[in-house]
Amino acid sequence: MTTAPGAGDSCPDRLFGDVGWRFDALKPHAYNCNVVQNPAPSPAPTTKLTLDTALVLYQTMARIRAFEDAAEEASRGGVAVFGASLTDAKVRGPLHLSTGQEAVPAGVCAHLHRDDAITSTHRGHGHTIAKGASIEQAMCELFGRATGFNGGKGGSMHIADFSVGMLGANGVVAAGIPIAVGAAHAAKVLGRDTVVVCFFGDGAINRGPFLEGLNWARVYQLPVLFVCEDNRWSATTATDKMTAGAGALSRAQALDISGTTVDGNDVFAVYAAAGDLLTQVRLGQGPRFLHAVTYRVKGHVSVDAAQYRSPAEVQRALAHDPLLFAREKLQALGATSSRVAALDTAAREEVAAAVRAASAAPWPTAAAAFTDIQDLGAAQFR
Amino acid sequence: MSATRLSYAAAACLALENAMRDDARVIALGEDVGRGGIFGQYLGLQEKFGATRIIDTPISESTIMGAAVGMALSGLVPVVEMRVADFAMCAMDEIVNQAAKARYMFGGQGRVPLVARLPIGVWTGSAAQHSQSFESWFTHVPGLVVVTPATPQDNHDLLCAALACGDPVIYMEHKELWGLVDEVTPEARLPIGVARTLKTGSDITLVSWSRTVHAALEAATLAAAEGIRVEVIDLRTLWPWDRDAVLASAARTKRVLVVHEAVQVAGFGAEIAATVAETLGVRVKRLGGLRIPVGYAKPLEDEARFGATEILQSIRAFVA
Amino acid sequence: MTTAPGAGDSCPDRLFGDVGWRFDALKPHAYNCNVVQNPAPSPAPTTKLTLDTALVLYQTMARIRAFEDAAEEASRGGVAVFGASLTDAKVRGPLHLSTGQEAVPAGVCAHLHRDDAITSTHRGHGHTIAKGASIEQAMCELFGRATGFNGGKGGSMHIADFSVGMLGANGVVAAGIPIAVGAAHAAKVLGRDTVVVCFFGDGAINRGPFLEGLNWARVYQLPVLFVCEDNRWSATTATDKMTAGAGALSRAQALDISGTTVDGNDVFAVYAAAGDLLTQVRLGQGPRFLHAVTYRVKGHVSVDAAQYRSPAEVQRALAHDPLLFAREKLQALGATSSRVAALDTAAREEVAAAVRAASAAPWPTAAAAFTDIQDLGAAQFR
Amino acid sequence: MSATRLSYAAAACLALENAMRDDARVIALGEDVGRGGIFGQYLGLQEKFGATRIIDTPISESTIMGAAVGMALSGLVPVVEMRVADFAMCAMDEIVNQAAKARYMFGGQGRVPLVARLPIGVWTGSAAQHSQSFESWFTHVPGLVVVTPATPQDNHDLLCAALACGDPVIYMEHKELWGLVDEVTPEARLPIGVARTLKTGSDITLVSWSRTVHAALEAATLAAAEGIRVEVIDLRTLWPWDRDAVLASAARTKRVLVVHEAVQVAGFGAEIAATVAETLGVRVKRLGGLRIPVGYAKPLEDEARFGATEILQSIRAFVA
C-alpha cells in the first residue's frame, strides 16, 4: 500500500475485484473516475429488482460486515472507555460498529455518483465503504497509519474519503447535518448537479441542528436526502424514551419535507425507497427524508457489552439480520448459494489483505502532527 | 476519620451520593447517567435515588444545560453531565450567556447553583473532538468558578464544595484520571480556591493542575536526583486561583514554571505567568500543549502529550 | 420610589389602583402576596366572558401600551444600532417594543398565579407588566436606576421580577425555552403545583433550542405552556420566508404537544384559548402550545424605521389594533366609553408617575458593578 | 492609489464587494444581511449580487456556521455573519469542533476557507449579553486565525486578506468602531500577522488592538506631554501575532504594557505578557477589562470600560 493519503483510487474495478459482474451495470454514472460535472438527470429508478443489482447490494453489505468484524477483532483491548486498561491493540480508541445496519448505507449509496457527497456519523464505516472508499485505506486509517485516508489523523470517528465524496465521519452527534446542508447549498449556488446524503442516528433527532438543518434545507430547497438510521439506541439509552411524538419522519414532515419509513434491515426495500426519494431530489424538488428502522446489534462502542438491553430484543434483531434476509431473497431471485458464498469469501479475503497491508503500513511521522492545521502561524509554537 | 481506597470516579460518585442523601435539591441530569455514566461516575445512583433525581436525558446539550439553569433558578442544585468538555461546545450560550450571567444580569434576584461536569484532556485514541481542555476559557468568564481536581480525595472534596458553592461551577475532571485509585477520607472537606503544595523546594516553583500534576511530581523527583530542589504546587481550582500560594513560593524560588496539558497559547498558564511577572518580576516559563489538534495515531497523539521527561528538561533549562 | 431592587410589592391593590373592580374577581389566586405553595387545581375556565374580566384584560393592555409609549419617548437618541449617534436619553441601548402585541401577554398571564413562572424574550415589557410587576420599578430598570428590578444591571433586554415569577427577558433568541423547561422540571421534581409559561417569537422556532426544549417538555410531561408570539417578523426579515412547513404549531404537534392557533390581537380569544390550555397543563396533562398570530407594529428596535415593510401591511395591522378591537367588544358587552377611557387615563397617569419617579431615582453606584456576580473570587481582580 | 473617506463598516463592505466581484466563490450568509446587515456592513450587496450570494438566513446560528463549513468544504468561500460575538456561543461546536478541525482531522483532504464575522466589545446600553470580547478564546484553538482591525483601512485590508487566507478566520470588528471614518486606499493589501507601530518611543511599549488602540494613542500623546516616550503597537491580528515586532520593541524599551478591552483574566494580554517575560525577562504589565459582566446602567457599564486616562495612569505607574 503506497498510495498517499487522499489520493485513493477507488474505481469499481479495483474496488470490487473480479466478482463476475460489472458494477456499472447497476449505475452508469457511479464511481466514475472522472468527476461528472453535469450528469443527466437520473431516470426514475426501476422498482423491479434484477439479480445483478441484488448481488451488488449484498456484496456491499458483506464487505462492510467483513470490515467491521476485522476491525472489532483488531480493537480488542484498544479502548479504555468503561475503565478497561489499554493494550497495544491495532485499533485504539472508540470503535463504533454498524454491524446489523449494513443495509442502510448499501441500499442508499448504490444510487450515488462519485461526485455526490455524503456526511456521516461516529458510526461511519458502512457509509465510507458503501460510498466507494477503499477498504484497505479505511483499515489503514483505523490502524492509525500514514497510508490511511486521513493519514492517521482521524481514525474511525473521523474517517473520510473526499475523493469519493465521503465528507467525513463526525465525533459530535448531529454535527454532520448542517455540514451536509451546506454542501448541498454550495452545489446549488455553484450550479452543480449533485446531491448530498446526510446520515445520522435516531438519537441525533433530539439535537437542535436537526431542526435547524432540516428547516434550512427546505427553505432553500436544497438537493439533500436525510437518512435517519434508527437503531433504537443512543449509547446506553433507549431512544424512544427520550423522543417525543412519532419520531424522525413526522418531524421532517412538519417541516414540509416528505419521505418514507422503511425496514432498514431489508436492503432491497432501502434501495427502492432511497431510489424514489433521490430521484425527486435530483429533479430539484428539494430535500427528502428516509427513516430506516434497524437495530444496533453490538454495544455502543466495541468495549460495551450492552448488558442494559434484553437479550430477547437482540435475538429478534439477529434473526432479522440484513445479510441473512438478503441471502433468502437472493435465493428466491435465483442466485445459487455458492455464488453468494463466493461474495462472502471475497469480502473476507479483501479485508484480510487490508489488515495485512495496514499492519505493515508505515506510521505517520511525528512531524505530521504539525501539518494540515492551518497555513498561518507556527504549529510548534508554545 | 475513616479512609477507604477509591478511584477518582468513585470518589466523585460518593461525594454526589452523600450530597443527594443530605439535600433533596441536589439532582443530576445528562445522557446515560441512569446506567452509571460512561465513566462510572454515577454508578448505582439511579438505583438509590430514582429516575426523577438521576435524570436520563435526550442528546440535547443546549437544553441539558439550559434546563439546568431553569432548575437552579427554581430551587434545585443540578449536576450537569456534559460527557466530555468538547460537547459543551453545543451548550456554550447556556453556560456563558445564561448560567454565568443570570445572577448579575437580573440584579441578584436569582442564583444559578449548578455543577457542570466537563471532563477534559487527551484521551487515548479519541482524536481531535474528544481530547480538548478548555479551562482557561471559563476563567475568562465572570460568574463562573473553575475546578480541576487531580486526585481521588480532591475530586471528592471539591465536588462537595462545588455542590455547596451557590454559583455555577465548571467542574473539569480528567478523562485519564478516572481509574486512579487512592485513599479517600469521606469526611474531609476543602474550600474552593486553595492550592496544595505537594513538595517543597527552593530552586524552582512548578505550578500545575489536573492530570499534569502527577507528571510534575515525577519530574520533581527526577530533578531531586540531579540536585534540583523543586517546589510543586497543585492549583486545584483555577477560578478563584490561589495567587497567594503561588506568589509566596515564587518570591522564595525566584523561578516559576507553569505546566499544563491544555494548548499553551492563551492557556491559563499565561495568566499565572503574567501575574507572577507583573507582581514579582521573577523569571517565568510555561510548558503547555502545542497549538495542534489531537491526532488519532499514536505518533500524532504523542505530540499532544508530554510527561515527566519534558518537564524535567524544562526545569533543567530553567535553572541552568 | 424607595423599594430595594427585587423587593417589589406588586399586590393588585397597589398595582391596579382604584379602578372600580377587584382584580381578584377574575383570578382568586392571582398575584397573591403570599406565595401559594400548593394551590388547588384551577377550575376549567369559563368561556363566558364577563364584563369585569374583559375590563381587566383591557386594562392590562392599556398599561402595557402606555408604558411602552413612554419608554419609546424616553429612548429617543439613546441607541446607536443603525449608526445614529448617542444623546443622553433616559433609556439607552436597544429597546424592543411590543406595541400592537399586548393582547398576548394580557390574555395569557391573566390565568397565572403569582407563583407560576414565565420566561420572556428581548421584547419583554408586556410579559413583565402582565405578570404583575410594578410599572414603576420596570421604568426604573429601563432608566438604569438602582431602584429598577435588576438594580440597573439588566435594562429592557434583561428585565425580570422574580418576586412575581417573571424569570427574565433574554437577549438571546430562544434562550428562554430551555430555561422555562427547566423551571417546569424543577416544579415537577419538587412536587410544586405551579406552571410555567414560555414566551418566544416566530423567529425563535428556527433555533435548535426550540426543538430540544419542546421535546424535553413532552418527554418529562412538564407543566409548561409554550406561547409563540408570531408577529410575522424577525428583525428586518419576514419570518415566513425563513420558515419551512406550516410553522410553530405543526412543529409542536409533531412532538405530540397539542395546542391552538389564535388571533393574537383579540385578547378575549387569547384569554379563552390560554385558559383551556392552561387547565390541561395544570391537570398534569403535560405541555401545551399556543400560537398567537399578531403583528409587530413598530420597528425591530425603537430606532428602526422598518422601511423594508410595505406600508399597507402595517396599515392592516393598525386597523386590527388589539386595544381598538377590545374597545369595540367592551362596548358590545355594555361598558360605557367613559369607563374605558378612564382605564386609558389611569394607565397613562400611572406611567407618567413612573417616569417621574424613575427620573428622580438614584443611579446604581459604581460599586454595584462588582456585586451579584459570584461569591468566590474578587471581581475587581485584574 | 486612490484614497477615499470611508467608515469602518463601509471599508469592510467595499472589501467584500470587490472580493465578490472578483471571485464567484465568495458569498455571505447570515440574519438580515439582505437589508445591509444591522450595522450596514453589507449595505447594497444583495442588490448587486442577488439573494443567492448574499443569503438571508433563519435565526439558526448553529446551522449558519455549520452550513458555512459544508459550503467551504465544497468550494465556496463563505463570509459568516454572527451579528455579535456573544451569539457565536450558539455556534461554538461548529466553530471549534468542525471549522477549526476539519482540515487536520480529515488529514488535509479538505479545507475550510471561511471568514466568520464576530463583532466584539462593549456596546452602549447593551448590557451583559451583547458586549463581550472573546478573542483570546479563539487564539487558543488550533486551526483558527484571529483578526482584530482597529481602523477603516485595516478593516478593508484585513478582510481582503482573510478572504484569501484559505483557513477559517475569526474576524472581530468592534461594535463601537462601525462609524469611525478615515481615508481608505482600496488598492492597499496587507498580510495577516503583521503589527503596525503607530508611534515610536523609547520608554515603554504599549501593545493593543481593536478599539483600545485609539485610547492607547491618546494616552501616548498625553504621556508625551509629561515627557514619557511611549511606543504604540497595534497588533491587528492575534493569531498569528507579531511576536517579532513586540519583542524587538520590548528589547529596546524594557517595559511592555498590554492594553485590551476584554476581561484581563485569561485574556490575550496574558499570552503576550507571558511571552515577553519568558523570552526577554523584561518588565510587563497588563491593563484589561475587569472580570465583571457588562451592566446596563451607565455607572455600571463605565466600570467595564476604560480609556486614555486609565492607560495613562498605568503608564505613569510603570515608568515611575
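A few notes on this one:
By letter and in written order, the chains are A, B, C and D; residue numbering begins at 1 in each of them.
By our rule, a contact is a pair of C-beta atoms (placed from the backbone, for glycine too) under 8 Å apart; a residue touches a chain by one contact, two chains touch by 3 or more.
Note that this is a predicted model, so its numbers are computed, not measured.
Look at the CA centroids: the one farthest from the centroid of chain D belongs to A. Mean C-alpha positions place chain C and chain D at a centre distance of 37 Å. In whole angstrom, the spacing between the mean C-alpha positions of chain B and chain C is 40. Each chain gets one centre point, the mean of its Cα atoms, and the points for chain B and chain D are 30 Å apart.
Multi-chain contact residues of chain C (touching two or more other chains) are listed as 150, 152-154, 158, 170-172, 206-209, 212, 215, 219, 241-243, 373, 377, 379.
Among the residues of chain B, those in touch with two or more other chains are 57-58, 60, 62, 86-87, 89-90, 93, 97, 104-105, 127-129, 142-143, 239, 265, 286, 291-293, 295.
The touch graph of these protein chains is complete, with an edge between every pair of chains. Here chain D touches chain C in the complex through residues 9, 31-32, 34-35, 38-40, 56-62, 86-87, 89-90, 123-130, 178-179, 264-265, 286-288, 290-293, 295-300, 302-304, going by the rule given at the top. Residues 5-6, 117, 119, 148-154, 158, 160-163, 167-168, 170-172, 175, 177-187, 189-190, 208-209, 212-213, 215-216, 219, 371-379 of chain A are the ones that touch chain D when the two sit in their complex. Against chain A, in their complex, chain C makes its touches with residues 206-212, 214-215, 217-219, 241-246, 250-251, 253-257.
Touching chain D in their complex are the following residues of chain C: 78-83, 85-86, 92-94, 144-146, 150, 152-155, 157-158, 170-174, 203-204, 206-208, 234-237, 241-243, 308, 363-366, 368-370, 373, 377, 379-382. Within the complex formed with chain D, the residues of chain B that make contact are 86-87, 89-90, 92-93, 95-97, 100-101, 104-105, 127-129, 132, 134, 136-137, 139-143, 239, 262-263, 265-271, 273-274, 277-278, 281, 283-286, 291-293, 295.
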